[in-house]
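Next up: some structures, all given as structure tokens.
There are two complexes below, and they share chain A, which is joined by chain B in the first and by chain C in the second.
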Partner chain A sequence: MSGRSVTLEPDRHVAPPRLLEGLRVWCTMLAICLEERLVYRGDFLLGTAMRFLPIVTQIFLWTAVFSATSRADIAGYTRDDVVAYYLLTMLTRAFSSMPGLAGGIARSIRDGSIKKFLVQPVDFIGFLLAARVAHKLVYYAVAIVPFAAVFLLCRGYFPPPPDAPTVLVFLASLVLAFLLGFFMEATLGMLGFWVLEVSSIVFGYMLVQYLLSGHMFPIDMLAGIPTGMPGVSVADLVQWLPFGYTAYFPAAVWLGKIEGQELFRALAVEVGWVVVMALACRAAWHRGTRRYGAFGG
Partner chain B sequence: MDNSASRSNPTSTPVIEVEGLAKEYRVHDKPEGLAASVRSLFHRTSRVVEALRGVDLQVGRGEFVALLGPNGAGKTTFLKLLSGIITPSRGTARVLGHVPWVRENEFRRRFALVMGQRNQLWWDLPAAESFRLHREIYRIEPSRFTRVRDELVDLLGVRQLVLQPVRELSLGERMKLELVAALLHEPEVLFLDEPTIGLDVVAQHTIHAFLRHVQAERRVTVMLTTHYMKDVAALCERVVVITHGDILYDGSLADIVDRFTTHKIVTLDLDEVPSPARVARYGFPCEVRGPRVVLRVDRGRIAEVLPDILRDAGVRDVSVEDVPLEEIVAELFRSTRPRPVGEPAGASP
Partner chain C sequence: MSRYLAIFRTFARACLVRDMTFRANFLLECLTSLGWMSMNLAFYLLVFTFTPEIGAGSGWTKAPFFAFVGTGLIVNSIVQALFMPSAEELTEMVRTGGLDAVLVQPLDAQFLVSMHRVDFSSFANGLVGVGLVAWAVPRLEHAPGPIAWLVYPLTILCGVAILYGLVIMLAAATILMGRNQSLYDFWFYLTNFSRYPAEIYAGPWGGPLRAVCTFVIPILLVVNVPARVLARPLAGEAWWAVGTALLAACASLALSRAVFQAALARYRSASS
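Up next, the complex of A and B:
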């Protein structure tokens, strides 16, 4: 870049092929990651089946809650809404959850296998993203059958489908949920440069995530809980945090809980968090590799 | 070795230039016992370990350098610094004109590092897939890629293994494929960390022949760490001995033998089991096994002792050898003597 980038001409000329080349490298990585994932297809089948178990418990729990009360809805959710909500968060979490990502990064730092990415002209975060996209694609290919079956069986719980623009926003929110989940967990994994074991940090993160993402209950149920600040509820605060966008937000979009101005504000907050976490992840990588001692051979 | 004549003068075009390179680690001491462990939760004692203490070195294009030293001497730290995996505490280094730990892609496309067995190859996939990925990340032109890959694979005799998942291969087979992966982009500098560790003699020989060929054909600058003197004898003209993070010796292999041995090993096969006095006049008997005697003879005395031995009617056979390299190097490691006088660091003889 040094000598040749004096004028703007060569730079303009150079940039597109670089980008294209980067994309080609990334696609090759994706293809190879896909092949690698397919080695473990049996594990995937089992994992997919297991994913449906917790939701059954949730549905039973809420059925019991509703049968114990005479109210038709709790914080704006009817019994059908709750079932639809849980099924949708399950779908969202199929995008945003990143099993083993942080732990895997920390392990490769600890056992030294990360040094390959320091020596080769390849971007580690880009590689992780390719691996995770491959992971997800193989998962969806396997999981689409049980997912379709469950949604078909439970179609009675769902309100009529939203209009096309909302569906588009919903799909965008799923992709953003994937990116947000990826960058949050990858950043946690990078902490492995500073601490030997990140599993307890990841556990803490999962706990907060479970509570505040809407995985445990819809976040808007927190609207009635005051924070002490006048006119501000816990739900108002939580919507500015990233967690809700990994489970609650896409489900709420589909169910029409968030609309109009609110929808765009929320989408902007989500995009903002994706950018912030992507930058944080890169910063952690840069600082971490600078202090990396490459222990463990 | 025949390519020594064509070797460029290291001081005019150094490929590797190192000045005052030092690396310190902070290690935490964890005392023994549960009570002490609990105490160390609140008060940790740490100390600084100097893995490398201000090393100077210059390596010219096409040189084949062995880094020798006992475990923990700083060899691997040195390779990690030169390949940019870690950042030094002090000092500078340039490899191919680049500061390694800046990790520019232009630099990373021009060198390779082979360290350990599970390095670049994807464990669950055939090596061919890893090669394909390398083609992309090193931007190797497809026709060139095919040519280089086929050549390397044939040299090592592993063509039939490239389509087998790597995890099903033996240690030696994996190492050979690691070497192929490392050389696909035709690096100008190659760092090898114990490339023959744990391999059988045949595999070691194959790898020696391969490295010799690659280095001679492409004038690759190679730096390797090893504990096997066979690697050194087969490959390296230049030896750098590191102990306690310092360069103790830098020179040719022949010079090590010259400089650090005072005697030769003379083995005699006699007619009968000799009396100690009978053989002691030739030299110091280190081993007497039946009619075979192994003697240590001062190098200065060889010329006068040998004629006597040959005239000795009771001697059936005689052989004269240098002290095994292993012994010389082990002695060198144990000694704490400073760098030989008149041998400035970094100067290749």
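Up next, the complex of A and C:
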């Protein structure tokens, strides 16, 4: 009987590197999340199409505002600029908005389903990121048609395209907007380790976010509102907060409202906020799981 | 009818008891609701720093416009308080089979699906709406007469009925689709059209849109008609608008009832 030695020791020479293994797990998580997103296609398609409706009222509202005023522009924005701005914020919000993320995290803490991430070799934040990338990929795959149609239809409102470096900064700002939106909402959700119900906190956050992100109007329109500090307007203050980078900043970059050194200062502020929020999210997870207790089966 | 009123009173009382059990949460809900509304008011105030009126020659200057906004808050708060919380629950009831329990009750399914939960915190916005109307009315160019004050609540009820019909049709869509998480989004986006005076929908695109939102999905009648009754003299064309709102309200209730019944006939239980 020819004996073949069997060893339980892993062969270190053929074992896949940790990085590759991690990537494979992440891709599997992405594939699962993609399938999950596509189960309720009708609901998803309806939700995607509906998001274009508010922009229609905004276009008509601002057209009516400009028709009743003798001003050629408001805070440096012509009527066409305002329309282009709203369309671009639709695009930026498609990257930065994270519907259901904070509430979902808080719910899984509350109902105990989060405990599987404590016993499985899967990083919870990594899983959430994969799920969100899947969510966005499906969303873009569906939304690209209405987005392209609307932008083509409204191309007359846009100024000539910016130069290549500005386009690159614009694309970078979109990716950063996605990461910033993700880490801000995930950190909010992690508050569920300390308070059971975060919905009111999330609602308060959404309120501030909606007002200060530039989603409602270009932040430049707040330049005339004083803060009480000499020479500092509300618009100046908002530039240093993270919210504007999730809607206003990429749109303003494309429209050429922020240029030169100011552009790079703003980009650095955005990178800074992404790093701060990623660290805050990781710290909240680390501290939260240390105080977390789950009972029952 | 009296039986249904008694049951609705019981539902409302139970919801009020529940809200008052968690008073801090109730206050927080009122505050967040008021916060959202204040943000919109801040936006309108900002807009009026740049323009004297919404639409050249439309007559929607600051006071009439805030009467419009106040009216919108009143109509929406009634719908949000009485019908939306129940309708929002429906999406999960259909997905999980919980609707079965509703269908076997010896009560009208539409009544149970749309009115079993009352959200009292939503009335907070309505109170602010009343305050806004009270602020705006003395500043109007044409003070509303006694007839206008009688017609105003009637047109508000018409607006509520139109929106109720819409809620029921969305509920029917939920039953047909099996899941409709976008129900609340759809509601928000569609009612968004009713948030501004109809005059802003002008031009080659605005005209047809205004016609569709008046005669096909009569969402523009919801706030525009009662707001006009207050802000404009009640004569001539204004009476036509009131009549159209009445007709639209009746049609909305009848059509939504038919659609809901048809959707229920196609309902397949998800439970085992």
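Criterion: the second predicted complex is superposed on the first by the 278 of 297 C-alpha atoms of A that agree within 3 Å, B and C clash if a C-alpha of one lies under 4 Å from a C-alpha of the other, contacts with A are read in each partner's own complex, and residues count from 1 in each chain.
We take it that a residue touches a chain if its C-beta (ideal position, glycine included) is under 8 Å from a C-beta of that chain, and two chains touch if they have at least 3 such contacts.
Owing to the predicted nature of the structure, the values given are computational and were not obtained by experimental measurement.
Trainee: Under the superposition described at the top, does placing chain B and chain C together on chain A give a clash or a fit?
Mentor: Superposition result for chain B and chain C: fit.
Trainee: Can A:L137 be said to touch chain B (first), chain C (second), both, or neither?
Mentor: In the superposed model, A:L137 contacts neither chain B nor chain C.
Trainee: For A:R71 in the superposed arrangement: first (chain B), second (chain C), both or neither?
Mentor: In the superposition, A:R71 contacts chain C only.
Trainee: Which partner does A:S200 reach: the first (chain B), the second (chain C), both, or neither?
Mentor: The answer is second: A:S200 touches chain C but not chain B.
Trainee: Have a look at where A:Q120 lands relative to chain B and chain C in the superposition and call it first, second, both or neither.
Mentor: First partner only.
Trainee: Specify the partner with more touching residues on chain A, choosing between chain B and chain C.
Mentor: It is C that touches the greater number of chain A residues.
Trainee: Should A:Y292 be classified as contacting the first partner (chain B), the second (chain C), both, or neither?
Mentor: The answer is first: A:Y292 touches chain B but not chain C.
Trainee: Touch check for A:M50: first (chain B), second (chain C), both, or neither?
Mentor: second
Trainee: Between chain B (first) and chain C (second), which, if any, makes contact with A:G224: first, second, both or neither?
Mentor: second
Trainee: On the combined arrangement from the superposition, state the nearest Cα-Cα distance between chain B and chain C in Å.
Mentor: Least C-alpha distance: 5 Å.
Trainee: Kindly list the residues of chain A that each of chain B and chain C touches, one partner per complex.
Mentor: Touching chain B in the first complex and chain C in the second, residues 40 of chain A appear in both lists.
Trainee: Would you mind writing out the residues of chain A in touch with chain B in their complex?
Mentor: 21, 24-25, 28-29, 32, 35-36, 39-40, 112-113, 115-116, 118-122, 289-294, 297
Trainee: Using the touch rule from the top, collect the residues of chain A that touch chain C in their complex.
Mentor: 40, 42-43, 46-47, 50-51, 53-54, 56-57, 60-61, 63-69, 71, 74, 197, 200, 203-204, 207, 210-211, 216-217, 221-222, 224
Trainee: Spell out the part of chain B that touches chain A in their complex, as residue ranges.
Mentor: Contact set of chain B toward chain A: 25, 76, 80, 83-87, 103, 105, 108-109, 112-113, 115-116, 118-120, 122, 124-125, 129-130, 132-133, 136-139, 165.
Trainee: Mind pulling up the chain C residues that touch chain A in the complex?
Mentor: For this pair, the touching residues of chain C are 25, 28-29, 32, 35-36, 39, 42-43, 46-47, 49-58, 177-182, 185-186, 189-190, 192-193, 195-196, 199-203, 206, 209.
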